[in-house]
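Chain nomenclature is as follows: A, B and C, assigned in order of appearance, with residue numbering initiated at 1 for each chain independently.
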Amino acid sequence: MSAKAASTKRVGLEVSIAVSHAVALARAEAIAAYPITPQTHIVEHLSSMVANGELEAEFVNVESEHSAISACIGMSATGARTYTATSSQGLALMHEILFIASAMRFPIVMTVANRALSGPLSIWNDHSDIMAARDIGWIQLFVENGQEAFDHTIMAFKIAENPEVLLPTIVNLDGFILSHVVEALTLLDQDTVDRFLPPYVPRHQLDPKHPVTMGAFAMPEIYTEVKMNHQVTLTNSYAVILKVWEEWGRLTGRHYQPVERYRTEDAKVLILIMGSLSEVAEIAVDEMRAAGMPVGLLTLRLWRPFPFEALREAVDGAELLIVCDRALSPGGPGGPVMSEVRSALYPLPQRPQILGYIVGLGGRDVPPEAFKDIVAQALKEVEQGPSREFTLYGVRG
Amino acid sequence: MKPLEQITWQEIELGGLLREPGSARAYRTGDWRSQHPVWTKSRCIRCGVCWTVCPEPAIVEEPGGYFDMDPNYCKGCGTCARECVTGCITMVPEEE
Amino acid sequence: MEKFGYAESQKYDVYAARLMPREEYFTSGHRSCQGCGEALAVRWVTKAIGKDAVIAHATGCMEIVSSGLPQTAWMHPWIHVAFENTAAVAAGVETGFKILERKGKLQGPRPKVVAMGGDGGTSDIGLQALSGALERGHDFTYVCWDNEAYMNTGIQRSSSTPFGAMTTTSPPGKRSIGQSTWKKDMVAIAVAHGIPYAATASPSYVFDLYFKIKKALETPGPAYVHVLCVCPTGWRSPTDLTVRLGRLAVETGVFPLFEVINGKYQLTVNPHRLRPVRDYLKPQGRFRHLRDPEIDFIQRQVLRRYRDLLSRCGLPEPEIPFPVPEEPAEEGV
């Protein structure tokens, strides 16, 4: 089905296909991608749209993910609207270049279909791939369902290409759980997207009429200043992100927040999670609320820049915050999200007790019962005093 | 151009983009040399081979077609003297 | 272009220097060593490239000496990303221009795209990206600055380091004669991708280099030019012998100058009389430790490969006015 034919009708689409439609509607111009499970359907469909002339773009079948992100830098440097997608090992292979892409301020948009990192090899979903890329200096956000995957892919271009931002942006969606699942969602028509997302106007590009040098090296006297500039730019992008989300809310009626709250009014216990498992956790919260437990759910949507104030406001009044990570930092404090949340809440004069549970590694299923069990375990831990740094939930043995 | 150690983070443009091509000319590599070329004009045939082989480049053409070193950049490698067709270039040590 | 022919004399057509363009695209003030053959090559290649072009450059000597914040020696639009991905970055630049042109967003002609990298960034860590870009047929030129080691990091060996050369990671010793493998044949690898143009070149033959770059840029599709760059610092040779050593490399058959046009080989500088490799090895400190068995081996290999190249070019053997060492009973390659 072509993106042009889509209107505000509700359709059933595989989420990967919906993401490809979003990229096409956003009029991406240059795509360099390498196939890796579970991102493959995205790039396959984009490839076929280009081949059929439905998307006026160049699609380069690069020979590795490292070359994919490198080619994307080259493409973005000419002023073309640039996109790529990857997962897991592919993201890991891009690693050294990811830092450079953001340092050089190229507004590349990338979908990461989150998948566990080897070893052992796993094609199934968790967040270890993106958690290993926390410091790359990109804008990073997580979606919970297919509609969000579609919405945030389009919005990512607008955020990234904002002249005050000009930072590459990652949209994380859970591999297989979202990428390979058919969901009901509403697309937008091309005219609406065109009005929302004007063409990319670069502030820096390779042009023989105005030669510039990109990628000069920095002596110790200047490196810190360049990094500070990047830090401030990324932090200040927060305001632009909120503005773009607000504009989308007025356009579509779908409003997004950096920290989404579900039944958090008068909640004493809060669960915090990222990605598609939040919808499972909502079921558990409903069941627990029906049983009279004051439990609420926070979904962390915006990961970088980290929404410090929004998080601090969201936990106000809670006594226990259970952070559910989808990745493990071996030998460390457990879950990356829990570590960052604890650090963000540390300055508060009054803050909830924070416990970390790691769930769903390597694609292990996490049903609503698991969340209920986690809340029960956490409450017991609080009562008896915490006995461990974190809990790797559901491990046998 | 401001010295490196005075540039503030606010002055960094787009991750260290450099908008002035050829700004390296501000750096005088001529300070490096311990010898420099001297042309004997009477034997110079103005062929331009010395100008061709200078890696900097630090050889300039004078009006009249003869050549001389650019003292700002000549590093004193001696390639011009070695390649000179008539051998009219001599390398002379720098005065202390 | 044809009217200048290719340089065949000992030096080069003497007055032709005056016909070359004066505008410098790689400005003085760069921090290369005295007598740097690579800087000389960059100077002439960038002149041959001309105005309407964009350069993607790998990490290496030429990148470091020319682009320390806040100064740049490049007059071209220039991008450096990392060490091993120049060909991929260039492929991206070429693609970006293609789509912008198709959508009517380019003012003026599509700029030429030139990728540049050292021997390390090309034949070792950069080989994958190069192979991918050549196979995909992007319209770009790749220029390899071959100074035969990882010079910028302190003279460590690469797969382009010649047999027997001393480097810091292939030092001669009780159990080693230096580099123990033969130089990787990058032009053969490029040609194996079926590209329309590949060539070797040297800044000691400036006009040959200049016109090969022009030809490479004008050839639609991928082009590969491998430039031998004498490095006095790494090769332990006097700073004023840079151009001379480059000529000796050609005159001894160690680094023949040829091009491969749609798979057809032709020699562009044909020394009618070869010199013994000793003439080339002697001025270089990096070969000082070699004894007769190694030098004889090098001589035999150089001749064997040179004869192979000549037969592919359909040319007769040149005069060899020195005794060719005999093959011992058994010899590995």
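Quick note on the criterion: a contact is a pair of C-beta atoms (placed from the backbone, for glycine too) under 8 Å apart; a residue touches a chain by one contact, two chains touch by 3 or more.
Remember, it's a predicted structure, so these values are computed and weren't measured experimentally.
J.: What's the chain with its C-alpha centre farthest out from subunit A?
T.: Most distant chain from subunit A: B.
J.: Contact counts by the stated rule: is the higher one at B-C or A-C?
T.: A-C
J.: Averaging only over C-alpha atoms, locate the centres of subunit A and subunit B and give their separation in whole Å.
T.: Each chain's C-alpha centroid was found; their separation is 52 Å.
J.: Where the CA atoms of subunit B average out and where those of subunit C average out, how many Å apart are those spots?
T.: 24
J.: Would you mind pulling out the distance in Å between where the CA atoms of subunit A average out and where those of subunit C do?
T.: Centres of subunit A and subunit C (C-alpha means) sit 44 Å apart.
J.: Which subunit B residues reach two or more other chains?
T.: 4, 7, 16, 18, 21
J.: By the touch rule stated above, which residues of subunit C touch at least two different other chains?
T.: Within subunit C, the residues that touch at least two other chains are 67, 69-72, 74-76.
J.: List, in ascending order, every residue of subunit A touching at least 2 other chains.
T.: 104, 210-216, 218-219, 222, 226
J.: In the complex formed with subunit C, which residues of subunit A make contact?
T.: Residue list for subunit A touching subunit C: 29-30, 32, 56-58, 60-64, 66-68, 70-80, 82, 96-97, 100, 104, 206-219, 222, 226.
J.: In the complex of these two chains, what residues of subunit A are touching subunit B?
T.: The contact residues of subunit A facing subunit B are 103-105, 166, 203-204, 210-216, 218-219, 221-222, 224-226, 228-230, 232.
J.: Taking the complex as given, what residues does subunit C use to touch subunit A?
T.: By the definition above, subunit C touches subunit A via 51-54, 56, 63-64, 67-72, 74-82, 84-85, 87-100, 102-103, 105, 107-108, 111, 128-129, 131-132, 135-136.
J.: Contact residues on subunit B for subunit A in the complex?
T.: Interface residues on subunit B, with respect to subunit A: 4-5, 7-12, 14-19, 21.
J.: Going by the contact rule at the top, pick out the subunit C residues touching subunit B in the complex.
T.: Going by the criterion above, the answer is residues 11-12, 14-15, 17-18, 20, 24, 27-32, 34-37, 39-40, 43, 66-67, 69-76, 206, 232, 238-244.
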